[in-house]
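In what comes next, chain A is part of two complexes: it sits with chain B in the first one and with chain C in the second one.
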Partner chain A sequence: MIEVLTTGAANSVQDLGRNGRFDIGVSRSGAMDRLSLMIGNALLGNDLNAAGLEIAIFPFRLRFDQPARFAVTGAEGAVTLAGRPLPARWAASAAEGETLVIAPPDKGARVYITFAGGIDVEPVLGSRATDLKSGYGGLEGRGLKRGDRLNVTPKPYMRAFGAALDPFAALDFANPLPVRVVPAAEHSVFSADARKLFSRWAWRVTQEADRMGYRLEGPELKLERRLELMSHGILPGTVQVPPSGKPIIQLADANTCGGYPKIATIIEADLWIVGQAGPDSRFLFTEVTPDEANAALRKQRHEIDALARTVEVARSLAG
Partner chain B sequence: MTLDEIERAVALAKSRGLAELECAIGQGGRLKVIVNRPHKPVAPATAVALPVKAKNAIRTRYFGVFADTVPPVRSGDRVSEHQVVGFLELGEIRFAIEAEKAGRVSAKPVKPGDLVGYGETVFEYE
Partner chain C sequence: MREPITISFSGGSALLLQSNSSRFDEQFQKRIWSLATDLQAAPGFTETVPGMNNILALFNPEEIVPEEARKQLTERWAKAQPLPRRGKTVEIPVVYGGQNGEDFKPWARHCGLAPLEAAQRHAAGTYQVAAIGAMPGFPYLSGLDPALAIARRSTPRLAVPVGSVIVGGAQAAVMPQTSPSGWHIIGRTNIALFDPHRDKPSTLAPGDIVRFTIEDVWL
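Let's look at the complex of A and B:
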């Protein structure tokens, strides 16, 4: 068991999400930065879809009531186990009674804590992800609170090691973050100026930014002609433009349908960057083709698979 | 097969001046250790030239590509006991190089990206 000592209600149990149920109105949920969750799981030899903790409110503290193996990935900052600092993207063993402390990060917005063997909560509709909007999945369908106890698998001590794979190395949060998009269904209905602005403006994330979506601040994006749209399916990554002309990025807990025109969709391989960008971060959208988007995702999955394979070898050496 | 057993095999190969050692392990497995011998005998020369520094050195327990911490530990920095002073990267994973005791770094003979061997000195300190 682990016990939560300090937390905020926006911290939750997440896996890769509830996929394939958009047709019955079930949002994907899952980690906002799926890449970091997968790196955390790969470091432990877990199924990449195993549930971990998504930490967005800091400081976060938990105590291990038993020896366990865990990894901390995602946003980078001060992380200590029993007072000893841990490097970034690190898998380590905790002894019974030790406390893990995650301070507010210096780089990024969300930290992931994964555990060897995953977190044992009941799957709902095939996933352990918490849907905070609808109130199911994860731990009783809610965010974490002090005193919560979660079941993790006891694991003996093993030498610590980390991931060389460092997605954060290329990101400078002080500057606009490059995010790749593919044009969405109504892209061509936007004015030429709006389309140009969309890919040239450094869009700022407003305070209205949570697991459902981010509202962006920037110039007004105008349509070429008036549009009457029926409600249609939307996905995490869909960029809609409501009548205000200010784009909204739909994210993990977003509704499954909506009626605003869609200018673009953020590619899956870059969606983790959005999940790591807090209010006041800026995005620079670059248009790519669907083929380039698929190639970027394949490259990313290949890197995670390579990490998982190396970890298998390391575990046999470090065990 | 544990890491300590591999370390013992490497030490054995080195102490007997063997370039290569191969043995049967576990259920039908085989371990092959190849000791890359430098053209000149670097290790004994270091030991003779720097007999005092040698015992205050941080040596690697693996082979791999050296990587700095963030921020990097530099010559002149103070390090505390068990502080992570660098990493050794083996493909997609990295192991920590820790200071065994507190002190001040006097030399750092490696730079990021250098391939370092087993038992090599990566930091000297006082």
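Let's look at the complex of A and C:
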């Protein structure tokens, strides 16, 4: 067992999310930064879809009531286990009674804590992810609170090691973050000016940014002509433009259908960057083709697979 | 003459096929259902999200490249015949008006009807589930009497309670969970439309027939 000592209600149990139920209105949910969750799981030899904790409210503290093995990935900042600092993207062993403290990060918005064997909560609709909006999955369908106890598999001590795979190395949060998009259904209905602005402006994330979506601040994007759209399926990463002309990025817990014009869809391989961008971060959108989007995702998957294989070798040498 | 459609990419592994018209067409919707059934067995396609006169089709780019997926979707649509689907009939008992239907009287007034008459006309309709989506189990219902249509509220409510029977534009629906909504609340039902722990989490499916029955009217 682990016990939550300090938390905020926006911190939750997440895996890679629900698939195959969009047709009955079920959101994907899952980690906002799926890449970091997968790195955390790979470091522990877990299934990449194993459930971990997504931490967006800091400081976060938990106590291990048993020996366990865990990894901390995602946003970078001060992390200590029983007062000893841990490097970024590091897997380590905790002894019974030790406390893990995650301070507010310096780089990024969300930290992931994964545990060898994953967090043992009952899957709902095929996933352990918490859907905070609809209130199911994870721990009783809600965010974490002080005193919560979660079941993790007891693991004996093993030497700590880290991941060389560092997606954050290329990100400079002080500058606009490059995010690739595929133009979406109504892209061509936006004015030439709007299309140009969309890919040249450094769009700022407003305070209205959560697991459902981010509102962006920037110039007003205008349509060439009025559009009346009927409700249609949308995916996480969809960039809608409501009548205000200010884009909204739909994310993990977003509704599965929408009716606003869509200018673009953020590619799966870059959604983790959005998940790590808090209010006041800026995005610079670059258009790519669907083939380029898939190539980028394939490259990312290969890197994670390579990490998982390296961990396997390290574990067999250590064992 | 087939209706003009647009097919576009939603990222690298999904396609959206939509009608170019802004008016809902029942025959078109029956072809959407037909296409959805066809795609369930189509190699490379992984998931479909039928919407209102549109469909989002997800595919696995490791099995089928984007341009091939687009080509197949176009061909399969051309062959899609209207699927005459008539699912189960679900009765939804409604208490109209009162505390749990706070827009009931203004809505009736907007329609130029006495409250009781408005409730009777709402309950007299035969509705069909066109699609499920937005939130878990939320039914988009076609078949609202045009005389009962009302533009959505200019400011959405932040929390419309579960079970609220609502109208918005030319559409009728029931809230499967408490959520924000800009639709008008005309009554309340106790029927649970969604339970993630059931074998069939969503009570309703596309093609189902919905009838509202009057349990009570607060005048």
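Everything that follows uses one rule, which is that the second predicted complex is superposed on the first by the 318 of 319 C-alpha atoms of A that agree within 3 Å, B and C clash if a C-alpha of one lies under 4 Å from a C-alpha of the other, contacts with A are read in each partner's own complex, and residues count from 1 in each chain.
Assume a residue touches a chain if its C-beta (ideal position, glycine included) is under 8 Å from a C-beta of that chain, and two chains touch if they have at least 3 such contacts.
Only a predicted model underlies this, so the values are computations on that prediction, with no experimental measurement involved.
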Query - Combined model on chain A: chain C and chain B, fit or clash - result: fit
Report task. Identify the partner contact of A:L229: answer first if only chain B is touched, second if only chain C is, both if each is, neither if none is. Result -> second
**Report entry** Touch count on chain A, higher of chain B and chain C
**Finding:** C
Requested in this report: Look at A:I24 in the shared chain and tell me whether it touches chain B only, chain C only, both, or neither; answer first, second, both or neither.
Outcome: second
**Report entry** Touching partner for A:E303 - first (chain B), second (chain C), both, neither
**Finding:** first
Query raised in the report: In the superposed arrangement, which partner chain does A:A10 touch: chain B (first), chain C (second), both, or neither?
Result: neither
Query raised in the report: Which angle, as a multiple of 10 degrees, do chain B and chain C span at the CA centre of chain A?
Result: 160
Query raised in the report: For A:A185, is the partner it touches chain B (first), chain C (second), both, or none of the two (neither)?
Result: second
Report summary line: After superposing the two complexes, the shortest C-alpha distance between chain B and chain C, in Å, is 24
Query - Common interface residues of chain A - those touching chain B in one complex and chain C in the other - result: none
Query raised in the report: Any idea which chain B residues touch chain A in the complex?
Result: 1-3, 6, 67, 69-70, 82, 84, 87, 89-96
Report task. Could you please specify the touching residues of chain C with respect to chain A in the complex? Result -> 6, 8-14, 16, 18-19, 22, 24, 36, 46-56, 58, 61-62, 65-66, 131-138, 140, 176-177, 179, 194, 196-197, 201-202
Query raised in the report: Can you list the residues on chain A that touch chain B in the complex?
Result: 43, 76, 84-85, 87-88, 159-165, 303, 306-307, 309-311, 314, 316-319
Query - Complex interface listing, chain A residues touching chain C - result: 19-27, 124-125, 133-137, 182-185, 187, 227-235, 237-238, 255-258, 262, 265-268, 289-294, 297-298
